[in-house]
Amino acid sequence: MNPLPALVLLPLMGGVLAWVAGRMRAPINPSTSWWVVLATLSVETLILGMVTFAHRAHAGPWLEHFSMPWIPAMGIAVRLDMDGLSLSLIWLSLILCFLCVFLATRQVTAHAGAFHFLFLATLAGIIGTFLATDLFVFFFFWELMLVPMFVLIAAWGHEDRQRAAMKFFMFTQGSGLLMLLSILGLVMAHDRLTGVLTFDIFTLAQTPLSPALSMLLMLGFFTAFAVKLPVVPVHVWLPDAHTQAPTAASVLLAGILLKTGGYGMIRFNVMLFPDAASRFAPIAMGLGVAGILYGAWLSCAQDDVKRLIAYSSISHMGFVLLGIFSGSAMGMQGAIMQMLAHGLGTAALFVIAGAIQDRLHTRDMNRIGGLWAAMPRLSGMGLFFAVASLGMPGLGNFTGEFLVLLATWHVSPATATLAAIGLVPAAIYALRMVNRIFLAAPRAGLPSLEDFPVRHMAVLGCIMTFLIVLGLYPQPFRTFSVPSPLSVTASQEDHTP
Amino acid sequence: MATFLIPILILCPLAASLITFVSAGRMDARGIGMVACAGVGISAVISIILSVMLLSGPVTGVLQVTLWPWMHMPGFSADIAFMLDRVSMLMILVVTVVGLLIHIYAASYMYHDPGIARFFACMTLFVAAMLVLVLASDLLCLFIGWEGVGLCSYLLIGFWYDDPANTVAARKAFYMTRMGDVALLCGLLLLVTATGGSLRIGTVLAAVANGQLAPSGINMAALFILVAALAKSAQIPFQTWLPDAMAGPTPTSALIHAATMVTAGVYLIARLHDLFAMAVPVMALTAVLGALTLLMGACTALVQSDLKRILAWSTISQLGYMFLALGCGVWQAALFHLMTHAFFKALLFLTAGAIIMRAHHEQDIFRLGGLRHTMPGLTAAFVAGASSLAGLPLVTAGFYSKEMILSGVWSAHFNLTHGWTLSGPPLWGMALLGAFLTALYIFRCVFIVFCGKAGTGAAGRTSRLMSIPLGCLCILSLCGGVIEMPDTLLPLHLFSGLLDPTAVLSHTHQPAWLVMAGAGAPLAGLGVAWVLWGRSSPVMREIPGQAPVICPVRTGRGMDALYHYAFVQPFCLLAWLTRLDILNHAVTGTGLLIQTASARIFRARADFLGRLAIQATRMIRWAGHLLGLLHNGRVRWYAAWIAGGLCAGLAMAVLS
Amino acid sequence: MHALALLAASVTVVGAIMVITRRVAVHAVLYLVVTLLALAAVLVMQGASFAAMLEIIIYAGAIMVLFVFVIMMLNLGQTDSTREKEWLRPRAWLGPGILATIVCAELLYCRRPLSGPAPALAPITAHDVGLSLFGRYVLMVELVSFLLLAGLVSAFYIGRNRMGRH
Amino acid sequence: MPAFSFNDTLLLATALFSVGLAGILVRRNMVFMLMSLDIMLNAAALVFVGAGARWHDATGQVMFLLILALAAVETAVGLALIVCLHAHGRPTLDADTGNLLKG
Amino acid sequence: MTGHDVFLPMPLMVVSSGIMVMLAATTWRRSVERSFVGSMVTLVLALAVMGYHTGRMPDTGSSLFIQDWWAGYTAILTIFSSLCILLMAWRDAGHDRTTLVDEYPLLFMLGTLGALAMVFSANYMSFFLGLEILGISLMGLAAFRHRSFMQGCEAAMKYLILSGVSSAILLFGIGLAYGITGSLRFIPPIAAGDMPAALPVAATVMILVGMFFKLSAVPFHMWLPDVMEGAPVPVAAFLAVVSKIAIFASLVRYFGTGNQPPFFDDILSVVITLTILGGNLLALRQTSLIRLLACSSIAHVGYLLIAFLCPGRLQSGAITIYLLAYTASTLGVFATITAFAIHEGPDGTAIMQWKGLFFSRPFLASAMSLMLLSLAGIPPGIGFFAKFEIVATGVEYPRGLLLCVLMIGSIIGLYYYLNIIRMMMTAPSLPSPRQNRHARPELTVLVIVLSMIVVIGGLLPARAIHSLLPAPAGPPAVQDRMVP
């Protein structure tokens, strides 16, 4: 049995179960749906572990392959392939989901079943996005994951949630339409040349395209991914969405949803249109640097904790863009490392911000005051992840940033210097946050606050460990998460039977 | 053996840090202190063992440990790798031994502080990071320690976070050094690009020696690294953070902001001296900046009234000496001075801390006074440290190290491009002036604090735990210098022989009066200080005014008038000048400007791109509204549209 | 014959113009009857005497009577005609007039170069029409019955609602 | 010799059509609008008869008959509506004022 | 007169017989329930014979009617939609029993008959009669608004006058075409080459204008929001779904799906652009849900016309799936509105009334969201795939400008659809007086069935496309023949 469809479908089914469990009446424990989610995630982890550790049997770069015709008239098939990149990103998703489940979603009491269903549905969409190698299926999942996320933000978010949710949806959906155009353009171009209507990227990657056309198509893809990543001129949705989303949704957004943008750029921009991507690289790198500086600068000006973290994400994602378009394997790997590290670190920061909001009912740093005295554990964690986010060597972010900078330096030292300068405001916003929330004089009239219990600390401790391992011993992850080239198909033997 | 010991050496303080952090609130203060001291103590013992091993090995022997590959990929590789050679041996000894003494002191000093666990966690973490910094054989690995010590410094400066001023100071320190870090990062990127993918110090230096780098590349790399070192060591133009950093607890100031972290810049340049040797303009720049810094630091220290700030400025000034030495190519002298400076400055800080503690946290020297009687032990220790700092001839360690620098500077010569040259004697003159000023300000402090009328009453007594380290440091700062002597006195070159047995420094060709001058300047400074502040009715034992105060000439007191014109007036002028502290203002002003600009721009209209999006939405809504107005519900109007559409359609179809 | 045709045609158009310019509804109805009669004459001249008959009987006879009935029910008086006068200012005419003229001009432009085969001489008699109607197009007749049924039901419902509810 | 060629029929029909259209666009009274509608339908019917004459085809007159039925039905329903509207709230039968549905 | 001349497609026969039976039953005893049941049975029967017939008589029909895949498909859609709408109307009539309204189902049946006649027509005459039957019944239906009779009357009057104008234009055009070709068959007059160019063009344009009016493409769309708002909710659904399917079916049959003459292209491009932008922009400012749906249906016509304008391999699939998606989703929305009205009291036509529905009626709100998302073209609804296909046709037959318009329109559309969902998620400010009328199980079933169609169609669109691939027939295969 092939594990890939199970990976996608399992969260969905678990979600439905959770919903049903949430709607059950009295005798059932209200947290049943939570347990269902936990069980689902555990099974998912088991399957993923199986995939991870049993892949030695295959020799090729693609670990698993699954294919099933879907809409034969259009040449569309449910084609899922897994390589190291998608595997590592799925691992990241699962880890963050565990983080959410342990630290954030249990607090949701209003319509918990529905919340968990939407949560898992988002996860399913994200995993599908990471696995799909059929452009239509990819686009399907790409759009699919927006809907539950929209509802999560709009229904469970904070005060200005609905505007934020609308903004989020409009931006991502609108850019998705551009991608749709590009997908169809590519498919039709292939069709015109060969007479074969297919959405299979392995086949489409071989399409000979004129430079102008490939640039156009690449731009379509790029726009969609740029909005998701986000790249600076189109980042507008992100601060609002991150700020207003409930904690779990913020974690998913920052931790994984943004990564789908990076993932898409690697797989669909750089690998599908290598020439156009290399011609576009200077602009993309410029945008990346702009993102680094602009995001960091704006982050320094925020008073809202979650907003600050959100802008810092923009800054970090600038490095990802820079790395992807630096045109070397090193930059690509740096970008992947940065994605993983940013996913872990920022997610943890959002969890902490969410915990603060749960306790103090404010996100305004002026009104939070020093928490170290009241909540040393939470504050310690906050300090650690803030430091990670400013790019402390030895932690995951630095590995990514350094590789990206190195790759960029090979291309253009000036760009790399500018990007490196972005690390100074990074220190400013991170430490500003630390000194206004954690290490500051406690505000008068603070209610007695409950610190993180030990099990929460254990979960966050795991994230910490991951970050440290990523920072000090990234070698296995690095070799593991290399994206496989599209010229090699996983499934030559599977296609023929 | 070494492969085993070196990781342990680093792990010990790290483990102590983790234990103290995790045990916050569960372990009592004594236990925490013991754990921390044990961690640092074990590493001190190990470092001594390692030194013995190294010294017993061949002369050029190096202990190498590669723990695991960090990043290996085509075009770049970095390892978590350590290397113990003689330079790093010196450094680990300083770090662990001085660190141990300071930890022991701090265990008592911080005993009653509720945040002691956090304090020791940071302190031990700092030791670990510093050890990584000095032991790393890979520049990227060094960078871990480099940033790590910065972080610990930040945490410790802002240790008493209740006062916003402290946290501001902490952040200032971090930001300033962060700029340097960015420069260092750029330098590393440049080097790794040039050397083809490795940052091993050996590889880098070999590449430099082989001429793989273009001269401009070398200059750029050296410049980047110099900026990093300047920032870390609080040299011009980054000097402003260090005095503010005195907001931290005194042991922190002693360990981080005097003995070890601020010398990391010196260490880095000394480590890469082969690279710098090829970059003559950068060397000249280093020397000039060092000389300027040492003068400026000394002058500023002369007019400070806060005990710890005096010491902080003096640290800047002494680091200036080291940079001067580095710039002149006598890196051994810089390291020597680094070591002695670690001893006496730690001593001074610790003593100051003890004094302040007993004097009810009074730091203003003008409110102290007459402590000679109440705290004789501390007085002795402070005087020992002060004389070593001033470099009183023969009996202090500071004299020998300073002498080594001075003689090195004298014979320096820079061939800059386009025929410009810079030779040593002017720099030497500045250094000598600095020596005079050093003695002047430190003894000003000594006389004001310890002589005269009693100021604030003292309470309690210095605990034994605090006095032991003081004693040890006293001995070290007085006698630690005899291992290297000027040729004029005795051709003893143990230290430079230790560092680099192949190239022992000797300045036999220099005139003997150089040594005399070097010995005389501090003495002169001491004398002037005695005249000004030490006599029973001191002229200037009051707080200098804010504005240039020209004291009225007191009639009938010829000697006084002479003093007045010779010293008081220049002093007041100096006070006025340094109080303006133009550089400090410039740097702070720039920071403030950026801050206000960002606040102005982004607080007022947050994220103008977001505004743009909102405007676009508004336009679309407006269009919709306008269109809605057409739907006024009138049938005739609707029919007119149909007719118009028919009209247009016919026209399009027929006329096309 | 031509003169007659010209006369009938012009009466038709002039009558139509009078219809849309009258202030009093009954006058307009009368002009409409005139128009329809003239149109019937035109139809006769085209050899469609059956159609002309229908035009007179159904249109001018039945439908116009319906109009007259309704106008009587509405009981329009002097105030209405003055209001109509007010509504028929030249300004109100301007835009619609231009629009209608343009449409007319465009249609005429399209028509201009038209020349078709000469129509056959033999008129189409009621017999032909009947054959066609109940032969090929018998289903259409059935459909028309449904059309009339729909109209009947609608009008009945609307009319009943007026009586019953208010 | 026919009195009307198809061409002439079209001319007349076009004129009638435009007049009817103008009537609909100009008149605010719904009764007049209905009358104008009838004029337009008559114009269309005329075209059919003319075309039937041109091709000598009875279909044209069948269509004429159908259009007649349509006109009758529309007039009937329209007048019923007019009576209704007149009774409830729009006594002036003005098409422009008193519209509840707009925007 | 041949056998073909009296050929009447079975569904038409069944529906007309049903109407007559109902009429006869009415003379015996008037009963609303019985009328509804009778009409629904008739429609189910028609559906049944539909399935029987489509297999047997795939193409060339008589000169009046034609029965092929395309006609069969659209007829099924029409009948199915009428069935759903009747189900909705049942409660509309049921909850207000002060007057006997057995004309209500009768008029629906007449309207369906007209629509079916249009769908099956192969001749101007049958097409025109069908159109008018549909139109006249709609006039009657629009006045069936019980609570606000005046609005209903006004809507009916507007519809009457405007559709009269458009009918006159259409008839004029048909007359011209008849004059040119001498036949009432569906042949675009361009094909007959013996006439000068301008007149056929004028005829085509006038016919197009008539059709555009009924389709409510933009310069001719103004009546739709007003009429839909004034009419009862099921009638609005009828307007939005049945009449549009029927007219679109005839449009496709009339103009075929091949390459069109250039002037046609130009006009259609302009109309599509205006339609998409206008419809979406108009919908932005609506506060009435029905008006909003009217505007959005205008926009959807624009999308559909893009597929119509882009001949190619994907065209037929795109049109069929889009019709299905549009029908199912729109009906779903209307069904939800009706169900809402039963549950919550107010008739659910103002968006504000939907506030907080996610918390009080999660099922209803979820169904509504699903339908709206499907209309917006977002998975998992069938609308997603439909829009995908539309874009695919646009890309295949490169129409960059129209695609840009489509994109902008979709984004704007997304906004107002989401706005409704957003409104449902807002916590209600004060609890509305809950009248809690009787729950109608049939409406719940209807909503569930429509949701299933939307979801299954979204997940397995292959079936829908596959079986209907040969659907839109081009111009009838029979060659033009002069009527003797």
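The first chain written gets the first letter, and so on, giving A, B, C, D and E; residue counts start at 1 in each chain.
One rule holds for everything that comes next: a residue touches a chain if its C-beta (ideal position, glycine included) is under 8 Å from a C-beta of that chain, and two chains touch if they have at least 3 such contacts.
Please read all numbers here as calculations on a predicted model, not as lab measurements.
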| item | value |
| --- | --- |
| Subunit D reached from subunit C - shortest hop count over touching chains | 1 |
| Set of chains whose contacts include both subunit E and subunit B | A, C, D |
| Centroid-based (C-alpha) most distant chain relative to subunit A | C |
| Middle chain, criterion being Cα centroid separation | A |
| Distance-maximising chain from subunit D - centres being C-alpha averages | B |
| Intercentroid distance (Cα basis), subunit D paired with subunit A, Å | 65 |
| Distance between chain centroids, defined by C-alpha means - subunit B, subunit C (Å) | 102 |
| Centroid distance [mean C-alpha coordinates] between subunit E and subunit C, Å | 31 |
| Where subunit A and subunit C are represented by their mean Cα positions, the distance between them in whole Å | 70 |
| Per-residue overlap in subunit E, given as positions that touch at least 2 other chains | 125, 129, 132, 136, 139-140, 143, 149, 153, 156-158, 161, 165, 179, 198, 201-202, 225-226, 285-286 |
| Residues within subunit B bordering two or more other chains | 628, 631, 633, 635-636, 639-640, 643-644, 646, 650, 654 |
| Pairs of chains found to touch, sorted by chain label | A-B, A-E, B-C, B-D, B-E, C-D, C-E, D-E |
| Residue ranges of subunit D touching subunit B (in the complex, touch as defined) | 21, 24-28, 33, 95-96, 99-103 |
| Complex contacts: residues of subunit C adjacent to subunit E | 106-107, 109-114, 116, 135-140, 142-144, 146-147, 149-151, 153-158, 161, 164-166 |
| Touch list for subunit E against partner subunit D, complex | 125, 128-129, 132, 136, 139-140, 143, 148-151, 153-158, 160-161, 164-165, 167-168, 171-172, 174-176, 178-179, 182, 184, 225-227, 229-230, 285-286, 291, 483 |
| Touching residues (chain side subunit A, partner subunit B) in the complex | 167, 232-233, 235-236, 239, 297-298, 300-301, 328-330, 333, 370, 372, 376, 380, 387, 392-394, 399, 402-403, 405-406, 409-410, 413, 416-417, 420-421, 423-424, 427-428, 431-432, 435, 439-441, 472-475, 478 |
| Subunit A - residues contacting subunit E, complex | 69-74, 76, 111, 114, 136, 139-140, 143-144, 146-147, 150-151, 154-155, 162, 165-166, 169-170, 173-174, 177-178, 180-181, 184-185, 187-188, 191, 197 |
